Structures are given as structure tokens and as C-alpha cells.
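Note that the chains are named A, B, C, D, E and F in the order they appear, and that numbering of residues resets to 1 at the start of each chain.
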Amino acid sequence: MFYHDGKLQYPVRVDKPNPQFAKLLQQAIGGVEGEIRVCLQYLFQAWNSRGPKKYRDMLMETGTEEIAHIEMLSTAVALNLEGASMNMKEQMAAANPLVEAVMGGKDPRHILSAGLGAMAADANGVPFNGSWIIATGNTASDMYANVHAEASGRVLATRLYELTDDPGMKDMLAFLIARDAMHQNQWLAVLEDLGGPAVNLPIPNTFPETQQVSDFAYSFVTTSINKENSESTSGRWASGTSIDGKGAFHVRPAVPLGDEPALNATDPTVHAQQQQMLLSDSEGKSFLDKAADFIAGS
Amino acid sequence: MFYHDGKLQYPVRVDKPNPQFAKLLQQAIGGVEGEIRVCLQYLFQAWNSRGPKKYRDMLMETGTEEIAHIEMLSTAVALNLEGASMNMKEQMAAANPLVEAVMGGKDPRHILSAGLGAMAADANGVPFNGSWIIATGNTASDMYANVHAEASGRVLATRLYELTDDPGMKDMLAFLIARDAMHQNQWLAVLEDLGGPAVNLPIPNTFPETQQVSDFAYSFVTTSINKENSESTSGRWASGTSIDGKGAFHVRPAVPLGDEPALNATDPTVHAQQQQMLLSDSEGKSFLDKAADFIAGS
Amino acid sequence: MFYHDGKLQYPVRVDKPNPQFAKLLQQAIGGVEGEIRVCLQYLFQAWNSRGPKKYRDMLMETGTEEIAHIEMLSTAVALNLEGASMNMKEQMAAANPLVEAVMGGKDPRHILSAGLGAMAADANGVPFNGSWIIATGNTASDMYANVHAEASGRVLATRLYELTDDPGMKDMLAFLIARDAMHQNQWLAVLEDLGGPAVNLPIPNTFPETQQVSDFAYSFVTTSINKENSESTSGRWASGTSIDGKGAFHVRPAVPLGDEPALNATDPTVHAQQQQMLLSDSEGKSFLDKAADFIAGS
Amino acid sequence: MFYHDGKLQYPVRVDKPNPQFAKLLQQAIGGVEGEIRVCLQYLFQAWNSRGPKKYRDMLMETGTEEIAHIEMLSTAVALNLEGASMNMKEQMAAANPLVEAVMGGKDPRHILSAGLGAMAADANGVPFNGSWIIATGNTASDMYANVHAEASGRVLATRLYELTDDPGMKDMLAFLIARDAMHQNQWLAVLEDLGGPAVNLPIPNTFPETQQVSDFAYSFVTTSINKENSESTSGRWASGTSIDGKGAFHVRPAVPLGDEPALNATDPTVHAQQQQMLLSDSEGKSFLDKAADFIAGS
Amino acid sequence: MFYHDGKLQYPVRVDKPNPQFAKLLQQAIGGVEGEIRVCLQYLFQAWNSRGPKKYRDMLMETGTEEIAHIEMLSTAVALNLEGASMNMKEQMAAANPLVEAVMGGKDPRHILSAGLGAMAADANGVPFNGSWIIATGNTASDMYANVHAEASGRVLATRLYELTDDPGMKDMLAFLIARDAMHQNQWLAVLEDLGGPAVNLPIPNTFPETQQVSDFAYSFVTTSINKENSESTSGRWASGTSIDGKGAFHVRPAVPLGDEPALNATDPTVHAQQQQMLLSDSEGKSFLDKAADFIAGS
Amino acid sequence: MFYHDGKLQYPVRVDKPNPQFAKLLQQAIGGVEGEIRVCLQYLFQAWNSRGPKKYRDMLMETGTEEIAHIEMLSTAVALNLEGASMNMKEQMAAANPLVEAVMGGKDPRHILSAGLGAMAADANGVPFNGSWIIATGNTASDMYANVHAEASGRVLATRLYELTDDPGMKDMLAFLIARDAMHQNQWLAVLEDLGGPAVNLPIPNTFPETQQVSDFAYSFVTTSINKENSESTSGRWASGTSIDGKGAFHVRPAVPLGDEPALNATDPTVHAQQQQMLLSDSEGKSFLDKAADFIAGS
């Protein structure tokens, strides 16, 4: 169950409203790197959590913190939009070259659909999508998703930081950048808590390694037909002990082990074209003929 | 530029076609954990790659390998669907209880839209979505996305492995499970090649740490109002040196540092309701009055 | 800012796990009528709220309550899935007719993607979509969206109630059905608090009614060409005083007041076909000829 | 069955083409508040209509009228785009600062994809989405959806009205604003025709109220931990007779009635991590041990 | 402007309701091959039509006919669902193996969201998507899209025809199959009306062919590295006069004409990792050094 | 299986980076007319191909060529973005009117999400969608989809050509324009290879024409109620031999052959409103009464 107070986790102040920046901030709310995603991701991971209770509790707490981040950013959007509508109205009435510039970099739906408020969408107005929420039921897999979510979130926040000179906005972002630093460390700490790479890899660690085609479990496969120009085999991934400590990296050129696939002629009831009832030109026997053969017992 | 031969990277054999399993396999083609996603993700990361050439070359090769995996899985879907249509037709004509079972667990679009072939969709028929392709321009951030992609891909493949008894399908999946093991190791090897966590964290490592609100960069924030029941602070993330080695984890209860947000009354040109022109009841002064005051210079 | 305790708002008990019912419950989590939608809808309405503070505070509280409903339903999904995977494995190995039934009505991604947990998706596995979150910045408009959200939510919950015999599930739904009853009343109470229909309609009440084409503001337009069979004009909407009390309903047959639209021939730089450069056959003059005329000053 | 004439319901005239305004108009065509949505929403409600025939007939007529509104707006978009392409070509060739402004606020797909015509998308180019079409099979629920659709549609139209000075466009919008006023009244009139709130609420009115957890059917639940600052309980929704006349509003602080959820350890076949096989640290018994116990009959 | 009568274009009769078939029919309503798509596609092509008026008029008429097809199919869905809910309720209460079969092949949202009516979604419940509506502004391009739409529509209808034994449904489909035959002929007739392939190809026919890289305008490029196994060059597309009569088909092996791309090191303000500031290992000069050189004027 | 070399199929050179043009180019990568779509479309058609092997081989080769086109365009986007970030930073700090222009026509996610690289999205940032990939299992139907894909692709490329003066970009586009000309010819050549229209039409050619409602198979249906103004019947589609040579075009006014649909009153378990239990006013008998009659055996 959840509670709130009306106050913000950290102050949100906009010294000079800027509707263009409001548009950019939407990426941090409803974008794939944004706060709605991490909020729901951590909460679903908590609600679905099976295993030691400490992981569930910890995920729930950080998920709850992220609601406060959506709140901060939505407030920042609303404050950046104050005055935007009157301003656009004037400009639409102004001389031609300015008219062409006036909406540049603004999200028109901030006025048309949201009446100067934040939306559950990204910087291009593409709606938030639930498919971005990762909760696989495998904790180690989820932790790597979380590290990436916080890495791309912090990259986004630093880019936003570069694109504003508003001291209030820079201060808010500096806070979020710090939280993203913590959360990167936090999810990597969970992996350490679970025993670290040697224990966890390859994920899932509950599938018997003898049942995979082991020969290919540590091969870097090169598909290049132009190997002299490629530097792909000069890195850590091409030789030496594997990261999980269970094998040795080596290079293997791509070679097909399978044949050309050969599908049967198509089933008459799916109504392909008649010409597709023929098998390959070389064989020249139709599906219908084969069916006749089968019925005749041959 | 790209080339192909018509042969498969690894043999694909279906001993007993099963349209239900064809539906499940779609998740590995067009789902968020699937091969279209990793294929395009690695290729876009390669094409956008800035920095040492070896990373671009390596990403391109693995991205190219993944096309062969989409090909294998699509072939497996088509082979599992052979015979499905005639079979459904018969069953639709059969007695009632069977009719109700007949389509259970099949994707009707495998017949209706694809004519017994694979689609660019997941196991529920939801189309592949380009937003899943992560290429942030920051190599370390991308590598964590890649580790997760391969972890969830291998988790998916092992689940599929459990759900089939077809020896051909088990063999194909055992190959893909091995490749996903390699690729998890590979992306972690790139992170090591880049210097490891101490060098890379927090991502991005090009933002001056002095500019974040450092006080919050290593705090685990607890939002629980029921702390005696919570085990959230008993893990590695709550105390000790941080994973990046630059700070010490500590626990901090959630306390609001900001005030309640106060937006101005709304701009008349966005046509909210008249009643919203009033500010809070306690203040009782309308936006229009304030505008009048401003014009009057007070 | 937000807090949580680990306990549920209302008990969630599953007496007999049923993965089919888990699939149905997803509609109440990630569907258009579901709890993620109302949760984020009320929170965004709160965060964007301009006008008297009591509305913001009230929206925030109900939005916060809804997080607890997502939590309850996600827990219900996870409990309904316990045992589902082993069960499916066995059935996939069983005799043929059963194999065909086995996945009927289950969401395969509950196993494949979520490892027996809830997802941010609807009963067909279609992901939650941020476009469903309505926060127009006009409070009266938003309240009608909210009434509908709770009406369709309660309709959904009663349908789910009909489709289960599990006493635990019936009890949980009976609680949610009651909350949806309250929330319908609540949003209609806000409209009354704002002065009721006469004050609020037509929404927005800040657009001067003299500026609309008033002649059409209370006309029921009939498009039927078969009027003797239609009962469309026998209802409250066809005669009597309008609901806003500002006009009288009357019936008006559909008659075009405009002409056929006439677009110019297309601009050469968008590369339509050459044949489209001709205007209508009757005129027979090409855009290019007209351009030539213009240049020649005729 | 449907018919048309080629003429418009109301004249559409563009005095000065403006591609930026064409982009804004898209929201009224393919946006969530737009005419494709209401058109299909009313038609699907009609086609699925069960109950007295007058509702079906009336829904069909208004749904048919809305096709004419899509037509008017699409014509308006096409007329606003005339000349846009040549103009952009010139500007792309011009000096640098202008080049940067040139595409500001235009939808590039109006040229690239539509060749200067309207699209089934919103003002940001996000495609129309069928999930917005509400037809629940419960007439009262649908009517509230319809009132909101027309309220947000009229809010949108008044915002567009503010953002243009083109007399032709203002005239067209003034007509649509009047129709939206009628339609708000119309859907509320249907609710009155059905007996009004006391009869219809809570929706659905076919679920026995004794089967809900009645204790919570009129409670306003406060989640605030900061009650002295909250004005949430000072409104109509917190005390007095409920809108449906069947209860009395009262305030109830949020208190958890349920326990902390406890999921079992995860099923081995979904391949979570091994560490998740352990239940909570305090219990310390693994799922596999429990399974062994079960087999041993203990 | 549009009109309707309440009657159907062709009788819709369901002899034995079948909710599984209702689910399949959804593909013909809201799927990519369905009637909402062709309806809106032809209407948008009409509304955006520039050039001879006869094309606009004809497109409008066929678009209007298609509304009647959505109506027929929606009616068919509603009739197929009659009785479905009570039936499911009983089955959910029945013994276990039947419970597992009961929802097989039904769309749960037909009950949960639509209350036994049709939806604007496909056979998997994926919502209709406006991006499927093609109206490029180039008539010849659009006509090929229309031919395909009717071809895939007729393929879909014949597959549905195979999957039902209901005489009423077979009769309705036999009508739609005939209309799709006409419409395929109709769109090809438009292409003939426009002058046929020699005049129209390559589309657009307004781009000077001298400005394309003509050397590649009639080459079939082979990417196979396994040419002895490929039959790709034995078809009509590999030799002989081209279909547009303007060139001769010939085969050309894929050979790269470009170099390896070389992007500069990344801009510091997008916060990639520091390691990406280095150019390729062989060059070894960082972006920052280069910037310094530039400032120093070298 | 697939291979690559690192070189481009054709040189990609950007003489003067232009982030606005980078945004436009995205339509050719991730838009509905773009290269990801044709690439995956041809590959899925190949992988699902049933019938003579030459079609599979040929589809695979052209699908493989298209990967190289995504690569070229992604490189072009990255090159057009070089310098964009620093430039935007400066401008955001500059005087107000310029600030408003600065982001005009840029995709902010090119900086925020992609760090100056290409994305799998269209010119408005809408993600690539797998539903655009057409592979019906009927070769003739697919070929018309392919002709349209290349026609709209070439139309798009010529529009991009008009909107740039960069010689490098014009050269790259001139190459792609030539390839699209070839591919239009190629897909039409496949149709000829399959026997041409007389053999293939109506698609599918495996459904017995006697089973369609033949009377309507060559009728142009007019829905106009304003026939004197319509030129719809003056084209090739209204008279003469049909394109498939199997019938004669003729005109038929739209006349309903069916009745008004009459659904039964709704099932109580889906919880519509009570008022919907009544059938039409004229009949006045409720569903529940009818059920009672049935039970009583009347």
C-alpha cells in the first residue's frame, strides 16, 4: 500500500520558463529511458519477486522513490510551460518568418491536449509503452536491465543538463544525476550480493551447461568476408578466460552447419497461388500429386 | 554491405509439427527478448559507433550473426505449422467440445495473415516495436543493455526448451542457448576491455562528479513507513564501499527537501474551466485579477 | 513524494491457482480500463492541476490509492500462476488432443517473459499505452473521463467476478467493485462541487458561446435516408430544453452547406504522377501551364 | 449501409495556407480527442447495441455525421499545405539561420509521406490507435466516455481557434465547436433518458450492491501522511449524501487490511536464478527441499 | 458528407454462434488486411486527391462502400458472441480439463471489454493502427497499395471461408470475396486508365530518369556467396526487357563501391564514455586534441 | 546465414552536416516506406517461401541487399548530426527569438536518446512497427505489396532529393532512386514470371470462382446520392472487359440487400445496464422473460 505527502523530494524551480525545454524533459518522463519506466519496472519486479524477501523490500523502496521523480519532472514541465500559450498566440499572428519559427521545438500537444501540463509521452510525443517494463522473474537478468535503465537515464539527464542554462533546472538535474549514480551502484551491488559473475553467469544459472551445444559457448563468430580490414578479434572477447571463468574465448569463422531449408508445398486451404503448389523446379512434383500418391498408398 | 548463402548456421529439424510451439517460438523472433531486436540493436550500435574501430567491427559481426538466428527461428516456425491448416479445418467441423479446444494456444494469424509462416511479432501477436532497439551512443551504457538482452534471451530459450519434447527443436535451442552464453560473456568482456567498473562507473564517465548533488550519490533511500518489517537494508547496497569504489553506501530515510508545488492559475487561452482561474481558496485571487494588477503596474 | 508499507490495502487470497484467470486479470492491470491507467491519470491530473488546491490534493490521494490496486492485482496474478509452468510442461508431453487444449486461454508470456508474474499488459498481451492517460488541463472535461474510467473499470470487475468461483478472488473483486462505486460518485461530486452541469456546460465554459455557430449548438442532425424506420428522434435528445439549460433540442436533417472541395493540382516537387498535374477534365489546364501563365503575367 | 454526396457539411475555406496549422489540425483528425475516434466509437457502439432500438439508431446517425467532420478537417489540412513544398525547398537552400527555422512546427511527413495531404495521425505524427474506441456494451458507461470525448474535442477546437487568425479556419472551427456543444448535451440527454444518475449509478446497475464490500462504497480514502497541509477533505466528495443517493460520503484514512504478500519460491522450470529457490532468509527452506518433503509424504 | 440507412448491404446470418469464429473475424475488421484500413485508406486518398476529379469521386464511392463492410462484419461478430458469456461462466465452474480448454481460441476482451460486441482490433486483440493507411499523394503508388490491400483481403476472406461450416457465414464471406475480386480489378483498371505500366513506371514518373544512377536501374544484384546453389537468376527479372520497357534486365554481383564509414569521435556534450573520444587505434588522436589543434589554428 | 564486409554498397558523403536533414532521412530508415520494412519484408517472404525455389533465392538476395541500404542511410544520419550537439548548446544559450527557432525541425531524440546516431524510427520519432511487414504466404499478393513498397520508397527518395542541396546526399539518393526503379520492375517481373494478370487474378487464384457471389464480382458500386455531380463512372473501371478478362465491368447503385440487424438483448452476466435487457420498444419483452419462457417450455 502507498502513501504520499504533497511535498517534493527535491526542490523544483524554473527561473525562466522555456516550452522547448519542457518538450525535452518529456523524454525523462515518458521515454524509454524515463522515470515511468523505471518506476513501474522496479515495482513489478518487487510484486513478482520470489526468493529472499530482502530483494522484494529493496525493489519496492526504490520503485516508490521513482514515483517522486516522475512528480518532480512533471512539475518541471508544467512550470516551463507557464506563459507558453499566450506567447504562441501572439507569434502566430506575427509576420511570416517568425510564424515559421514559432513552434520550432515545441510539442503542440502540450497546448492542444494537456493545457500546459506534462504528458505520459516522450520528447516526440510518442506515448509511454508498457513493453518497456522488464520483469523476467530471473533476478540476475533483471538487475542488468536495471543497470542499463539507470545508465541510459543518467546519460539522458547529463544531456538535458547540457541543454539548459536555467539554474533551477540544472539543480534539479544534478540531483537526479546523483540518484542515477547511486542506482547504478545499487543494482550492481545486488549482483554482488547474489554471488557475483562467477556464480550468476551464464544467466539463467539453473540450466545445466552440459545441455547447451558447449562447443559454441565461448566462440566469437566472425561473419566478415574482409578479415584483413577488421579489428574485431583484437579485443578482450576474442581470447583469454571467459568472464564467467568457465571457458576460454576463441575465434571461429562463420560456417553454415545446416542445409538450405526445404519447406513443403503449401497447404491448399490457405489459398496461396496455384503456382506455389509446385515444389522446386528440379523436383517438379506437386503437393497435390504427392497427396494422391499418399492416398494410393505409394 | 551484406551477403548470404542459403544455408542455415545450425540445422533446424522439426520431428513433429506443433502449431502451439510455433506460437511460442514467435517470442524469440519478434518479442522484446527476441532476435530481431538484438540483430538491429547491435547493427545500429555498430553503424552509430564512434571511438576505436574494433568495437564497431565486433558489433557488426555479432549483429550479422543474429540475422542467421532470425532465419533459423523463422524456419522452425514454418516447419511447426506444416499441416496446421487442414487440421484446424477438420476440427472446426467436429463436435462441440473439441471445437472449443481446437484453437487453444494457436496464433490464428499464423493461418489468416501469414499462410503458415513466421511473423515479425511476439507470442501474443503483438508486432515488433522499434523502440526496443537501444543505441545510446554511450558504449558502456549500451553494453549493459546488451548483457540484459542476452540474459533475457537465454532465459526465454531455456523456457522454450522446457516446453518441447521435439528432439529437433531441443537441439536448435541448445545451440541458441550456447550462443547466448557466449554473448553475455562477450558484452561483459567489452566492459572489461574498456577498463572495468572502476573506470566506467557511474555512466557516463564524462560528467564531472562534482556537479552532481554528491550527498545523494551513494544513499539508499528507504520509503518504507513500516521499517521493522522491511529487510531492505540488510543487503550489499546498504553499506560498504560502493561498486565504483568512489563512495560508501549508507541508508537515508526518505524526507522531502522540496515544498508543495504551486502552479499559477491557468492561461485563459487554453480554455480550462472558469473555476480554475481561481488560485487556492486561501488566496482567493484570480489570474485575471492578477493580470489586471500587472497591467496597472501594481 | 511517496511512501509505502509492504502490506496490501485488502487481503489477496487465491484458493485454487488458475492461469487462465491470471490472463483475464491482466485486463484490470494493463488494459484500457485498468488500474495503471487510472493511477497515472489521476496523478498526472494532480501534478498538472491549476486552480483551487483542494482538487489537486484530492486527485493525488486517489491516484496514490490506485497504486495499491495495481499491487493487489499483480499479487493475484502471481498467485494464480503458481504451479502453471510444471503443469504446462507435463501437458505438452501428453497425448495429442490434450496438447491442443493445454495452452487454451493462457498467456504464454506469463511463462516465457514474466516467469510466472504479472505484466504491464492487457488480457491479450497488448502493452499498456500512455495515450490512454487523459489530463487535458480542463477539470470538468477530466472528471467525465474519470467517471467513464471508473464505470468501465467496475463493469470489467463485475465480469471478472462472474468468471471465477474462487472465493478469494471473489472477495478481492468485491472490494475493488466497491471502490469503483465510490470513485464514480466521487468524480460526479467534483462536478457538483464545481457548480454542476448548468455552470460547467458546454465544456470548456470559457469560450464565448456567441462565437460558435449557435444555430447548430442544439440540433440533433439526422443522417438517415430511411427515416420511417428510424427511432432516433424519439428520445430526450431530440426535443425539450437542453441539459445545460441554454437551448432547446430540435431535429435537423443533414444537408450540405458546403461545396465539393477543389484542391489545386499538386506541387511538382512532391513527385505525384504527371497525370495529376491536370486539373479536372472539364477544365483541362495543367498546373505547369498555369505557372507559365503566371510568369507571363496573364 | 452508407451513402455520400461530394459536398461538405459546412464550408471549408483557407484564406492563407499555413503548414504549421495543418500540423495542429491533425490532432483533431487522428488524435485521441479527434474525429476518427468519435466516428468509429459511435458506429461501433451502434453496431454492438443491444436494447431499445432508438439508441442504436441515434448512435448510428451521429457516428455518420462524424465522418463528415473527418472530411472537413482533412480538406482543411490539404488546403493549408498548398504551396508548402516549394516553399520548403527554397528555404532549405537559403542561408543557415533560416534553414534552422524552416521546418519548425511543420510535420515533415505531410510532405514526405502524404504529398501534401492529411494523415490518420495526431499533431506529432503518432498514428491513430484503435484502442481509443470505447464500446463496452454498457450504455451508461459508454455515454460518459462520449461526454468526455466531446468535452475534450471542444477543448481542443477552442485551442485551435485561439491559434489561428485565418477567418476561414475560425469559421470552420466555430461550427465544430457548436456541434461539440450539442453532442455533450446529447450524451447527457441519453443518460437522462435512461433514468438519470439515481437509476444508473453505480454503473453497472445490474450487479447486486449487497455483493460489494459495502463498507468501502462511499469512503473517501486519504493516503496523505501530511494531513494538516491537505485540503482534500473539504470538498463535496468527503461528506453529504452520495451522488447516487444510496450512501453517505465519509473520510477514511488509508490503513492496510491485508498482510505482506508471500509468494512461493519459483518453479524450477521457469529458470530463475538458483538463489531464488530459497524462500525468505528467516525460513531458509528451499522449494526443492519442500518438493522432496512432499514426495516423502511429510 | 455522409448518410446511412439502417439496413445491411448484404444479409448477415449466423446459424450457430461460435465465439472462436468471432475472434477470427476480427482480423477482417481491425487487422492490417481488414475493412477499417481499406475504408479509411480510400477515403483519405479521395480527400487528398489532386488531379482529374473522376479519381476522387470513384475513391470516395468505394471508401463509402467499405463502411458497410465494417458494419456487416461487426454484426457478424456480435451474432457469433450471443450466448458466449453464460457458456463460459458454466465452463469455468466445470471440471479441470475442460476449464483448461474453455477459453481456447476465444478473445477474452470480447467479454471483458466489449460485452459481446466487435472491437477495432485484429484477431489477437492488437488495436487497429493508423499507420496502415496509405495515401502518398501519388496515384499510381496508391493504386498498387490498393491492389495489395484487396489481394490480402481476399486471401484472408477465403481462409475464413475454409474455417467455418456455418452457412450464413459462408454466404456473407462469398459476397465479400466477390467484392474483393472486383476491387482488385478496379485498382488495376485505374492504372490502365492512367496509361498503363509503360507510362507510369518507374513511379513517380515525374523524376527525370537521367538524374538517377542509371547504371543500377535495371540490375538484379546478387548477394549470394554460394552462387552454384542459387536459382535466383533463372527468372524473368534477370534478363530480357524490363517491365517499363526502358531498359534490359541483367545480373550484377554485389560489390561494395563505397569505403568503410569513418565517423568522427563523438561530441563531448553528448556524454559518451571517455574512451570513445579516441579515434581508431591506428590514428590514436583524440577529438579533444583535434579541437585543441583547431583552436590553435593548425 | 549472413556475412558482411565493412564497406558500403555505394559511397555516403555529407558535404555539410544538417541535423534537420538527418530527421528527414529517418523516414527512409524506420518509416512505413523505409528500408527496415522492405528488408525484413523480403527476408520473411523468403524464409516462409513455399513453391519453386527460384523465388525464395531471389527474395533472399534482394532482402540482403536492403540491409546495405539501412546501413547507408544510418551512416548518412550519423554524418549529418556531427556537430549538432555543440551547436544546439550554443543556441540554447543565445537570445530569445533564436532559441525559439533552434530546435525547429530537429529530432531531439537524435541528441537525447541516440547521442548523434540513427534510430529505428520515422521522421517524427515514431518507432518502426513490425505490423508493416507483409508476408501473406500468397506470392502474387506479396508481389503487389512489394511493388507498392518500392513505389512509395522511390516517391519518398525523390522528395528527399528535392529537399537537399548537399551534393553527397543527392548522389546517395540518386543511387537509391535507381535501385527502387529496378525493384519495381523486378516485382512486376515476378508477376509476369508467374503467368501475368490473367493467370493470377483474382488473387488467390485457388478459390473456386463459382463459390463467390458472382453477380457482384465485376460491379462498380456507386454510393453517391448526388450522381449528376459525380464523374466516378467515366473511367476504365466502370465498363469494358475486366482486367482479369473474366467479366465485364458495369455500374450498380448501392442498394441494401440485407435487413436491419437485430441483436438479442444482452446476456445478464456481462453486466450491461438493466435498461438494455429490454428488446426494442415495439416488442417490449425482456431477455429474462424470454429465458423464463424457455425454462417453462413455451
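The rule is simple: contacts are C-beta pairs under 8 Å (C-beta built on N, C-alpha and C of every residue); 3 or more make two chains touch, one makes a residue touch a chain.
These figures come from a predicted structure and were not determined experimentally.
Chains making contact with subunit B as well as with subunit C: A, D, E, F.
In terms of C-beta pairs in contact, the better-connected of the chain pairs A-E and B-F is B-F. Here subunit C and subunit E face each other with different sets of residues for the most part; under half of the interface numbers are shared between them. Once the centre of each chain is set as its mean CA position, subunit A and subunit C turn out to be 26 Å apart. Taking each chain's centre as the mean of its C-alpha atoms, subunit B lies 26 Å from subunit D.
Shared interface positions of subunit A, i.e. residues touching 2 or more other chains, are given as 1-9, 32-33, 47-48, 50, 52-54, 57, 60-61, 64-65, 68, 75, 78, 85, 89, 100-105, 111, 113, 115-116, 124-127, 129, 131, 136-138, 140, 152, 155, 158-159, 162, 203-204, 206-207, 223-225, 229-231, 234, 254, 256, 260-261, 263-264, 266, 269-272, 280-281. Contacts from subunit E toward subunit B in the complex involve residues 18, 20, 23-24, 27, 31-33, 91, 98, 100-105, 122-126, 152, 155-156, 159-160, 162-165, 223-226, 229-230, 254, 256, 261, 263-266, 268, 270-282. Listing the residues of subunit B that touch subunit D in their complex gives 155, 158-159, 162, 225, 229, 231, 260, 269-271, 280-281. Of all the residues in subunit C, the ones that touch subunit D in their complex are 3, 5-12, 32-33, 52-55, 57-58, 60-62, 64-65, 68, 72, 75, 78-79, 82-86, 89, 111, 115-116, 126, 129, 131-132, 134, 136-138, 140-141, 144-145, 147-148, 151-152, 154-155, 158, 161, 171, 174-175, 177-182, 184-186, 188-190, 192-193, 197, 201-204, 206-207, 209, 211-225, 230-232, 234-237, 242-244, 247, 249, 254, 256-261, 263-264, 266-267, 269-272.
Within the complex formed with subunit C, the residues of subunit E that make contact are 1-7, 47-54, 85, 88-89, 92-93, 97, 99-109, 111-113, 115, 124-127, 137-140, 194-195, 199-200, 203-207.
Chain contact summary for the complex, subunit B toward subunit F: residues 1-9, 30, 36, 40, 43-44, 47-48, 50, 56-57, 60-61, 64-65, 67-68, 70-71, 74-75, 78, 113-121, 127-131, 133, 135-138.
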